[in-house]
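Below: a set of structures, written as C-alpha cells.
Shared between the two complexes below is chain A, which has chain B as its partner in the first and chain C in the second.
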Partner chain A sequence: MRGTRNALASLVAIFAASALAFWLGGYATDVYRKMLIWVALALSYNFLFGIAGQVTFSHFAFAGIGAYAIVILAHKLALPFAVAFILAIVLCAVLAFIVALPSTRLEGFYLALATLAFSQLVLVVISEGGDLTGGTGGIANYRLPSVLGYAIRGPWYTILLVLLVAFTLWTLRRLDDSVFGRACRAIRDNSVAAAAMGVDVRRIKVLAFTLTSTLAGLAGIAYAYIDNVINPPVFGLENIFLLLFMIIIGGAGSHIGAIVGAVFLYLAPFVLEPIVGHGFLLVFGVLVVLTILFQPSGLAGLLNRRSVRVAT
Partner chain B sequence: MSIGGLTKHFGGLIAVEDLGLDLFPGEILALIGPNGAGKTTTFNLIAGVFRPTAGSIALGGARIEGLPVHRIAAMGLMRTFQHNMPFAGMSLTDNILVGCHTHCRGSLFDILLGRRGFRDQEAAARHRAAELVSFVGLQDCLDRDVATLSFGEGRLLELARALAGEPRVILLDEPAAGLTQPEMARLGAAIRDIAARGIAVLLIEHDMHFLLPLAQRIIVMNFGRKIAEGAPDEIVRDPDVIEAYLGEAVGGVAMRPSDA
Partner chain C sequence: MADLLELVVSATASGCIYALVALAYLLILRPTSVINFAVGEWAATGAFIGVAVQTPLAWPGLDGPYWLALLAVPAILGVLGWLVDVLTVRPLIRRGASVTSPILALLGVLVIFREGLTIVFGADPLPSPPPFGFKRIAFGPFAGVSQQFLIVAATFVLFAATWLFFERTLWGRACEAVALNRRAAALMGINLRRVTTFAFVSGAAVAGVAGLLMSPLTSAHYLMGLPLAIQGFTALVIGGVGRIEGALLGGLVLAFVEQFGARYLPIPSGLILGFPFVLLMVFLFLRPSGLIAPREAR
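Then we have the complex of A and B:
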C-alpha cells in the first residue's frame, strides 16, 4: 500500500518536473537544466558524504571525466554513440575504483586531501590535453546524435535530465534502504563497531565511492549536451565547495535534503546577485556556519519537524 | 572455541602471556582480574583487533587468529564493547539490523533489482531484529534517538546487536558496569537465556555479586597470565586470587573490588 503510494507520488513528481520543460522559455530552460544536473550531483554526493561519511573533493572531477570522455569518444574519435556512452561510464567506474583502492584506506582530512589532489590532476590533464581535450578553451561544436532516428532536442532533452535525476534518486534510495546503506551509515558512525558486526569496511567504502563517482560521471555526460560546450573551470574546486554547501544546508544524509539544498543554493544567486553582487558567496558561507551551529540536520530537519507537528 | 599459548607483546610490554582457554557451547565463562591484567587485550586478540604475537585461536575447528575482524565476526563471533558504541545516526532497529549484516548476502544488483531471495533475507532480518528488541526489553525505546538512550539501555542495545549476528560465541566486555540493580537482573537473565540457546558466552566482569551466581567457570588473570581457573566457589577461596584481585573474602562471599 505504502509502496504503491510512493510510486504514484514519484510518477506525479516526474510528470510535473517534465511538464515544466514545455512551459519554460529559453533562458529559464537553461537554468532549469543546470539545476537538474546540480540535483543529480547533490544526490550522489550526499550518499558519499552524508551517508557513507567520506569527505571527498573528487565528485566534480568524475563529472568532468564523464563529460570529456563522451565528447572525445563520440565526437573526436567518432565512435558509435552507444559504444562511446558505455565506454565513458566504464571509464568513470574503473578510474573511481582505482582512486578508491588507496584512498579509502584514509579517513577524514587525509581522504579529503588525496581526492583533492586527484581532482587537481584531472583538471591539469583536461587543461593541458592539447587537441584531444581542447586545452583551457575546452571543446565545442558537437551535437547529441539522433538515437534510432529520434533527435532528442528542446524540452525532450530536459525530460531526459528529469529522468536522470529520477534514476539517480531511485538507485540511491534503494541502496540506502538495504543492507548496503545500513553498512555505509554504520561505518560513518563507528567503523570499529561496524567491523565487529561483520561489515567489511574497506569493501563497502570502495563500493560506495565507485558507485557514487560513476553516478557523477553519468551526470557529467548529461551536462555535456546542455550547452554543447565543455571546458575545465566547471569541474574545478569552486563548484565542489558549492556542492558541499548544498548538502550541509539541505541536511547531510537526507535525499530530500540534497534536492532542497541543491535547488535552494543554485537558485539563490539569481535572487541575491542583483542585490549583493558577488557577496552571495558570503551569504552562503554564513548560512553554512549557522546551519552547522544551530540546525545540523539542515533544511530536511526543518521539514521533518514540521511534518511531525502536523501528524501529532 | 579453543585458545592455546596466546601471547601478545606490545614492544617490551607483555600484555598476554601463554594463555590457554576452552569455551564450550552453552557455557558461561568469565574472565576476571585487576585492571591491566590483559582481559580486554585478550578480547581484542580473539576478535581480531590485534594480531597475536604467538598462539592459536580456533573457532569450531577453524583457526581464526590473524584474520580480519569482519571475517571473524562472519564466522560467528560477536562482541559488545566496554564503552557503548552505538551507531548514533541510525534508528534503534537499524542498529540491530547492522548486527544481521553477515546474514544478508547479495550483490548491489540483487539490491537494485529487488531479487526475491534478497527480499526474503531482508524480511527475515527485520523479523529477527523485532524479536531481539523484545528479548532485551527495549520495545518502548523503538522511536527514540539512539544517542539519548541511558547507559543501561545502550548496553542492552549492544547485546541485541551482537545477538542479531546469530553468533556461536559472544564476548561481553563488562556488560554490568554502570547498570542499576533491576537492569543487572534483566541482563543476568538475558545472559542465562543466551547460554541456554547453546551460544558460548565469554565475559569480562568486575562486579562479583553479579558474576558469581552467573558464571559456570572463572579464569583469573594477573599481569597477562592465568593465575587460576575453576568454578566460582573454588575461585573465591583461592588464596592467590584473593591476594591478587578479590582482596578480603568473608565467609566465601567476595567483596566488591574497589576498582570496579
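Then we have the complex of A and C:
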C-alpha cells in the first residue's frame, strides 16, 4: 500500500517537473536545466558524503570526465553516439575505481585531499590537452545527435534531465534501502565496529565511491548538451565547495535534504545577487558554519521535526 | 651556472613560504587533529593587512613602516584565529562532535575569509612594497631579489623559535604532550582548551606572516589563499606531520621539484602545474608518514 502510494507520488512529481519544461521561457529553461544537473550531482554526492561518510573533492572531476569523454568520443572521434555513451560511462567507472582503490584507504580528511589532488590534476590535463580537449577554451559547436531517428530538443531535453534526476534518486534510494546502504552507514558511524560485524569495509568503500562517481559522470554527460559547450572552470574547485555546502545545509545523509539544499543554494544567488552582489558567497559560508554548529541535520532535519510534531 | 644558482635562491624562497604554511597547519593539526584548510586564506589576510598598514592603497591615510606591519599582521591574525576557535571549533569540541565537523566548519570559515577580503579590499590584486626595495643582492655565488633573502632568514628564525618553544619551554612540552596523547595529557592536568586556543592563535599568526612575506613577490590577491593552502598541505605530507622539521623539508622539496621540473624537464609548462598534485598523491598513497618519521613517545 505504501509502495503504490510512493510510486504514485513519484510519478506525479516527475510529471509536474516535466510539465514545467513546456511552460518556462528560454532563460528560465536554462536556469531550470542547470538546477536539475545540480540536483542530480547533489543526490549522488550526498550518498558518498552523507551516507557513506567519505569527504571527497573529486565529484565534479568525474562529471568533467563524463562530459569531456562524450564530446571527444562522439564528436571529435565521430563514434556512434550509443557507443560513445557507453564508453564514457565505462571510462568514468574505471577511473573512479582506480582512484578509489588507494584513496579509500586514507582516513578522514586525507581522502579529501587525495581526491582534491586528483581533481586538480584532471583540470590540468583537460586545460593542456591541446586540440583534443580544446585547452582552456574548451569545446563548442557540437549538437546532441539523433538517436534512432529521434532528435531530442527543447523541452524534451529538459524532460530527459528530469528523468536523469529521477533515475539517480531511484538508484540511490534502492541502494540506501539495501544491505549495501546499511553497510555504508555503519562504516560512516564506526568503521571498526562495522568490520567487527562482518562488513567488508574496503569493498563497500570502493563500491560507494565508484558508483556515485559514475553517477556524477552521467550527470556530466547530460550537462555537456545543455549549452553545447564545455570548458575546464566548470569542473574546478569552486563548484565542489558549493556542492559540499548544498549537502551540509540541506542535511547530510538525507535525499530530500540534498534536493532542498541544491535547489536552495542554486536559486539563492538569483535573489541575493541584486541585493548583496558577490557577497552571497559570504552568506553561504556563514550558513554552513551556523548549520554545523546549531542544526547538524540541516534543512531536512527541520522538515522532519515538523512532520513528527504534526503526526503526534 | 649563474642561472642554476638563481633558481636555487628562488626555489628556496618559495619553499620557505610553503614551509611556513605547512607549519601553520602543523601547529593546529598536532594538538587538535584538525586539518585547517583556511590557513591559505589566513595567509592572504596577512598579505592584505601588510598592504593596508604600509600603503594608503587600501586604507587611506595610513602609511606605516614595515616593522609596524610585521607587528600588526601576527597580532591581528592571532585575534582572528582566537575568534575562529572560540566561535566555531570550541563549541563543536565541547559537544563531542566528530573531528570532521570542525574541518567542514573551517571550510565555511575559508569562504567567509575569502569573500570578506574581496568586500574589504576589492577583487583586484594590490602590490605590496618590499621593505628593502627591488634591489638585487648577492651572498657569495647566490644572487636574488632582497625579498627572497628576507623570506629565507625570517623562515629560519621562525622555525628555530618554534623548535626551541616545543623543546625547551614548559608550554611547548605541554602542547607536545597533547599531540602525543590527548587523554593522558588531560589527566596530567594540562588544560586542553587553552592548548587548542594556543594552536589556533599561533597557527593563524604564522600563516599571516607567511602571506606578508610572500606578498611583495606576488602582490596581495584574494585568490592567493587556496593554492597556498594546497601547496602548504603538500609540503606537510611530503615532510610528514610528525615533526616540525618535516614542514621545512617538505616545503623545500616541493619548491625544488616544482621549479627545477619547470626549468629542466622536457614537458609542456602547463603540465608542470600538475606536478605538485602527483607528488601529493604519491606521498599520500605510498608514504603517508612523510620523509621524516614521527617521533615515538619517550
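Definition applied: the second predicted complex is superposed on the first by the 312 of 312 C-alpha atoms of A that agree within 3 Å, B and C clash if a C-alpha of one lies under 4 Å from a C-alpha of the other, contacts with A are read in each partner's own complex, and residues count from 1 in each chain.
By our rule, contacts are C-beta pairs under 8 Å (C-beta built on N, C-alpha and C of every residue); 3 or more make two chains touch, one makes a residue touch a chain.
Only a predicted model underlies this, so the values are computations on that prediction, with no experimental measurement involved.
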Chain A residues touched - chain C or chain B, whichever exceeds: C
Contacts of A:137 with chain B and chain C, given as first, second, both or neither: neither
First (chain B), second (chain C), both or neither touched by A:108: second
Partner chain(s) touched by A:55 [first = chain B, second = chain C, both, neither]: second
First (chain B), second (chain C), both or neither touched by A:80: neither
Touching partner for A:286 - first (chain B), second (chain C), both, neither: second
Touched partner set for A:245, first chain B, second chain C, both or neither: second
Partner chain in contact with A:127 - chain B first, chain C second, else both or neither: second
Chain C-contacting residues of chain A that also contact chain B: none
Of chain A, residues touching chain B in the complex: 171, 174-175, 178-180, 182-183, 185-186, 188-190, 192-201, 207, 211, 253
Complex interface listing, chain C residues touching chain A: 35, 87-88, 91-92, 97, 99-101, 103-105, 107-112, 114-116, 118-119, 226, 230, 233-234, 237, 268, 270-271, 273-274, 277-278, 280-281, 284-285, 288
List of chain A residues in touch with chain C within their complex: 55, 102-103, 105-106, 108-110, 113-114, 116-118, 120-121, 124-125, 127-128, 237, 241, 244-245, 248, 278-279, 281-282, 284-289, 292-293, 296
Footprint of chain A on chain B - complex, ascending: 47, 49, 68-70, 73-74, 78-79, 81, 85-90, 94, 97-102, 104, 106, 108, 111-112, 114, 122, 125, 161-162, 165
